[in-house]
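After this come two complexes, each holding subunit A, first together with subunit B and then together with subunit C.
What follows is the complex of A and B.
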C-alpha cells in the first residue's frame, strides 16, 4: 500500500483509475503502471501519540468528564509535537458512554485545547472499535489527499457516566412540555408512578440478548474450551509486560501524567499466577465447573483518553516531525451473535483473514500482534478459532486452519488486561504504541516490520488494521 | 516584598474565622472607635507547602468553564491565596475596616504554569495606602512560588476601597479624575445566564463565603438590596472564555464597575488583537447589563512581553 512498492503484491488489482487522477498519480510518484487504485494513493503515517494514564473507575478521574480527559490527552499531544495554534486537517474522536450534552465532544475538546480554533472535528462511535476506526477513517482522508494532518482519538469515563431518566419519566416530561392547559398538565402528571423516578444507568448488556459482555464471552470461552490456567497466564503476561514497558521508559513519550497518575492504576506489577488463581469466577457461573472468567482475567471498567497524530509524509517532513509507521489498511467485520451462531466478540476472527487475504499475507508475516484483551478469553478464543481446521474450512472458506501466531509477538508491552480499557481510548493506545514498536524494529528480513491490530466491539463487531514500520 | 517583616503561619488561615473576626472587629470599632492608625502593617504573611485539593480544583474548573487540566487556573490561585491576603487585612494594626471593602480592580501576572501537584509557598502583604475620591484604597499583593524556590510564578495585586473612610494625613487624589468616556455598548460575543445560586456555587469552590454573595437575606444584612456575584468569579469566567490561546503565561487585568446583582443576564464582548504574524497578543473583554447598558467590568488578558 505504500508508494514505494511494498512488500505485498495485490491479488486482485482494482480497475485502473480513470483519467483525471493524474494529480494523485503524480503525488504518488508512480505513473509507470496502473496497478491497484490504492497504489496511487499517498501514505498516511503515524507521527506519534499521547494518552493520559488509564484509571480504574471511581479512582483518580472520578470527577473528570470525557471532555476534560480528551482535552488533557490532546494538550499533551500538542505540547509534544509543537502544535500550538496549528490548524490540523481534522480531528476525530469519540466516546462510548456519552452524555447527550456532549454531541460535539471532539469539537469542544479542540476548542478547549491549544490547537487553532479553525480546526474542524467530528465525533464517531463504534463501541470499543471507536478509537481504531477514527485512525482508519482519518488515514483514508490523508491517503486521498483530502487532508494533510489529523488527530485520531477516543475517551471514556465509566465514573462520570451519563444517567438517563426512566422511560416513564421521560415520556411524561415531554408530554408535559407539549400540554397547553393546566388541566392537561395535571392529567399528564397524574401518569407519573414512583418507579418512574428510578434513574436509568448505562450497563454493558447487549440490547438484543440482555446478556452482559462478560456473560457472552463466558459462553464463547466455554465453547472454545479455553482453560482457566491459559486465561490467567495471559493476564499475568499482560501485567508483567506492561510493568516492564513502564520500567524501560517505553511510555515516556506516549503518555502525559494527569490528576496525579503517571501509570495506569489497574497495573499490578506484583501480581502472580498464584494470586490470579485464587480469584473466584465472576462470569459464566451458571456454566458450573466451566466457569473460568475472573476479575483478574477480565478487563475492569476504566477511565481514560488517547490521541494519535497522523499525517502525510510531506506534512510530517515540513514540520520536522517523526514518521513512525504507515497505516496500511483496515477491515471491519460483524458476526451474527444474537442467536449464538458466533460469539459476541469473535468478529476479528473473520476480519483478520479477510484483511490478510487482500494483502496476500499470512500470520507468519507479522512481527507484532496487538490483540485487544477485552477478556483473556476473547484473545484465546480468537487464536483457537484461527488454529481450528473445521472453523477454517466451514466458516472462513479456507482449505484448513487459518494459522497460529508466535505467542512471543503477542501484546509484548502489555494490553488491556493490565492497562485497563476505557472503551473508545483503547484504539489510540494500541496504534501509538505499535507504531513506536514498529519504528524501533525497523526492517525485518528486508521488509518493513509489520504489526496487526485486532479490536473486538459490542454489537458483535470488530475492526482490525495493518501497520508497517517507517 | 521587601522592607517588611515576615510572619510564617503554620497553615492557611480559615476564611470563616477571619470573617467572624472581622465582624467582631467592626463591632468593637463601632463601640471604641478606630484605633487611629494611618499606616499599613509592614508584615508579610507566608504559608509554605500549600497544596491544592484536586476535587476542589475540578469543581472550580467545571464551574468557571475551564477544562479540568492539571494546571491551576489563575483565578483558582487567587482563591487559594485569598485567606492569607485576608489575614493581613485582619491584623489588629490594619487601619481600615475589612468588612464592606469594595474590590476595585485586580491585576495578575502568571509567569509560569502552576500544577496542582506542586507544593507552593504563598506570601501576602498590603501596600500603597492612598486616597480615593470616595474613601481610602490600598493594594493587597500576593505572590506564589514553587516551594523553596525564588522565582515568582504568580503575582496578584488586588485593589480594595474602604468606602467613606478617610484617614488623617491621606489626601484624596489631587488631580481631578477626568470622567471616563461614556460606554457605548458593543455587539456581545456571549451572554451569561447567572442563576440566583451563582454566589453560593462560587463560594463553595473558592471558599469565599462573604455573606454579600450567599443569599438575599445575608446580603441585606450587610446593606445590599440583593446578593451579588463575586467579582473574581466574573473575571475568571472571562479568562476562561478567552481560552487556551492565552498559553501558560500571561497578564490578566480586570476593573470592576457596577456590581452584578443575582440573578442576572450579563452580556460580554471579547475582542482579540493579533500581532502582524498572526500570533495572539491580547484579548480585551467588557461585560455589561444588556437591559440597562451599565458596564459591570472590563479588562484584558495579554501575552507577557
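What follows is the complex of A and C.
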C-alpha cells in the first residue's frame, strides 16, 4: 500500500474556477493538468448544519426511533435556513443499527419533514463513516452538476435498536408462511425448540473476529504503547473543549434541542484528570498492566442525528444562504484487521496520507484536525503511526515518518469522547462544526483555512476528507 | 387555553343561571378572520364637523354601510363619534347625547369609537377641558358596553386629521375583530405619516420582521399573525427553546435564529442574519421577556438582574444596533411588549414592573430617534392573557384575574399579536411613542 503508487488510477480532482482558486485546488489542478471534462466540475459548499443533542443510550431519546430523530434534525435544519416546501436535489442519510422496516428511512424522514414531498432521498450505510460518506457522495453529485442542493445526514439509536429473532425461529416462521396445509404447518412448528425463542440482540462485535470494537482497539492501543495518562488527557480535553464551545454559543446555529436536551448528555463539564484516573479499565483486561481503556476514555453508546446542507455556489447565492466551506476531496481506506496486519480502526492512518499526497499537502498545511474519537486510543494510535518512521517506511512507502500534527489544532471544540457517538450521525456533526470553524478562521497565510476530517469505522474501514474555508 | 366559564354562560341553562344570579356574562369575542368583512352592520358616523363629513366619505369608499343619522331600532355595527372641534365642555352634550340614543341598538361585539383631539395641544383651558373630557367619557362608556362591544378612541395631535392615514388605520383596527380585547383605550395619531395597505388582508406584504421570544405563547402568536398578514419572518429565541422555535418557524415559513438576546452582540447578529437572508430588516418585535417574581424584601441580585437584562437592557442594546444599521428599512418599525404590571404595578413583581415600565420609557424616548429615519416605535401592554404561563396561576386567583375587566374574560395570545401587527404596519406610521393596552379594560392599571 504505497502512497505514491496507488494500484488503481484515481479520478482527478476538480480544479476550481479561476477566481478564488485555493492553493490546494490550484496545486492539484496544475499537477494533474485537469482536462476538459474535469474543468466543468464546480464547487460543493457547506451551507450549514443541524443536529440534535446526542444522548447517552437509555436516556432522553429511549423512546425515539431513528426516523423520529432524523426528522427532528431535518426540521431544525429547514427552520434554520427557511427551506420549508423547498425541493432539495437529494437527501442522503443512514443508520448503522437499522430496523428492516426502515428500508427507506431517509425518504420517510423527508416525507415527515417540512421539505417538499418531491425531494428524493436514499439510504447509505458504511458503519461509522456513514455520515461522512453521505457528505462526500452528495458533494460529488453537486460537483458534477447532477444536483444543486443536498442534505447529508445520519442517525443512530442504540436505545431503540432492532432485535432479531433467532435463526431457528426465523427459518420456522418463513417455512410456516410457505406451508399450505394444516398438517404441514404443524409439522413445521414441531421443529421449534425453546432455545429458538431467545432473541438475537445486536452487538458491536466484529463478525469475523468475534471481538468487540473496544477489545480490538485495546490491542491496537497496547501495540502503539499509548499510555493511560495520554488517553485520559485526550478525553479531558474533549470534555473541556466541548463545554467551552457550548458556553461560547458555538452550537447556537449548529444544534436544535430535542426532547428536553439542549446539550449532549454525555458532556461532563466538571470532569478532571483526577476523576478520569480513578476509573477501572473496561477493555483489554486480559492485557494486565497494558489495560488502559476505561469508560472515561472510550465513547459510550449514544443516540442522535445530524444533518448538513450542501449546495452549489449558485444555489446558495440564489437562496441568499451562507457559504462556509468547500468539500475539497475525500478518500476511503480499509485494513486487513482480520489477520492482525493492522488494528481494526487504523484505516485512516492510510487514507489520510493517500489523500494528502493527491493534493501535495502535508499535515503542516492544516489549521484544524477533526479526528473522530471512537476511543482516545484510536486517535493516539493513529497519530503515533504517523509519527513512526518504521510505519512510514514499511506501511506507507515513504522515506520516513508521515508527520505529526500540532495538537492545539486537534478537535478544538471537543469530539466524540465528550459529545458521544451515534454512529452514522458523527460525520454530519463534524462536517458542520468544521465548516463553521473554517469560515470563522477565513484566510491563513494568504490561503483559505483548511481542515482535515478523519473517521474510523467498523470492518477495518476509514473515510477522510479535506474542507477549505470560504 | 380554555375558559370553561365563558362557554358555560354563553348559552342554554348556564346563560339563564348567570343572568338570574347577576354573574359575569362574558361572550365569545368577534375576532379577525381573513376574508370576513371589517364589521357587520351599519356604521353610524356621529358629528357635524367637516372632519366627520370627510371621514364618512372615506368609510363609504370602503364599502361600509355608513349612516349619518340613526334609524330607530336598526342594529348598528359601530358608532363613530367625531368630536374634533370641541372648544368647551358644553360642546359635548349634543353629539354625545345623540349617540347615547343609539347605544341600545348596538349589535353584539359592536364598536364605539371617538375621534377627538389631544388635550395637551389645546391652548385654551376650556378647549383642553373639553378634549380631556372625552377621555373620561370614553373610558366610562366602555365599562357600560355589554356583549363584547368595546369603546376606544383616536386622538389627533396637531398635524393629524380625521382622514390621515394613521387615523384611518387606527379606525380600521378598532372597528375590526383585530381589536377584540382592546377596550377603553386611546391611540394618538401624531402626524400624517403612514400609508394604508394596497391589500387589506396582507398589510405586511413584502416586510421582513424579527420576533423575539417566538418559540411559544404570545411570541408564537405574533409570528403566526405577522405571517398571515404577509410578513417574511425571522424568529428568535434562546437556544434551549430551539425545538419549539423550529416548529413555529416551519409553520410560518420563516427562519429560526437561536440567540440569547441578552448577549452583547445580539443586535448585530439579528442584523447580520436579516441582511444575509433578506437584504434588510423592516420590523422588530421585542417580545422576549422573563419573570422572576419575589417580594422586594426577599429579592436577590440574580432575580433582579436577569429580569432587567432580558426585558429592557437587551431591548435598548438591540435598538441601538439596529438604529445604527443601514439595513434597518426605510420606514423601520419597532413594537415592544410592555405589561400592565409596568403601568399599575403588581405585588411580587417589582423587578418585572421596573423592566416593563422601563420599556414604556424607552419607547417614548426612542420615538424621536426612529422618527428621524421615517420610522415608528410603540409598545403593547397585555393584561390577563390566556397562556401556558397564566394557566399555572392557582384556579381562584386566575378566575378573579380574568374576570376583572370590562369584557369579563382573559385575552388570547392572538389579541396581543393583532395589536402588534397593526402597530408594525405602515397604516400605523403616524402613531409613535404610544403604549396600547390589550387588557379588555382591566380594572387594574387602566
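Operating definition for what follows: the second predicted complex is superposed on the first by the 430 of 470 C-alpha atoms of A that agree within 3 Å, B and C clash if a C-alpha of one lies under 4 Å from a C-alpha of the other, contacts with A are read in each partner's own complex, and residues count from 1 in each chain.
Just so it is clear, contacts are C-beta pairs under 8 Å (C-beta built on N, C-alpha and C of every residue); 3 or more make two chains touch, one makes a residue touch a chain.
Here the structure is a predicted model, which is why all the values come from computation and not from measurement.
Overlap between subunit B and subunit C is detected when the two structures are superposed via subunit A. Legend: residue contacts after superposition of the two complexes on their common chain; A:230 is shown touching neither subunit B nor subunit C. Look at A:71: by the touch rule set out above, it reaches subunit B but stays clear of subunit C.
Using the contact criterion defined above for the overlaid structures, shared-chain residue A:85 touches subunit B and also reaches subunit C.
In the superposition on chain A, A:63 contacts subunit B only, with no contact to subunit C.
By the touch criterion stated above, A:255 is placed in contact with subunit C alone, subunit B being left untouched. Using the contact criterion defined above for the overlaid structures, shared-chain residue A:114 touches subunit B and also reaches subunit C.
Remark: of the candidate stretches 41-49, 347-355 or 383-391 in subunit C, the one overlapping subunit B after superposition on chain A is 383-391.
Touching of subunit A by both subunit B and subunit C, each in its own complex, is seen for residues 72, 75, 84-85, 114, 257-259.
In the complex of the two chains, the subunit A residues touching subunit B come out as 63-65, 67-68, 71-72, 75, 84-85, 109, 111-114, 117, 257-260.
Across the complex, subunit C meets subunit A through its residues 239-243, 245-247, 249-250, 253-260, 263, 276-279. Put simply, subunit B touches subunit A in their complex at residues 54-55, 58-59, 61-62, 67-70, 116-117, 243-245, 247, 278-280.
Subunit A contributes residues 72, 75-76, 78-82, 84-85, 114, 249, 251-253, 255-259, 262, 320-322 to its touches with subunit C in the complex.
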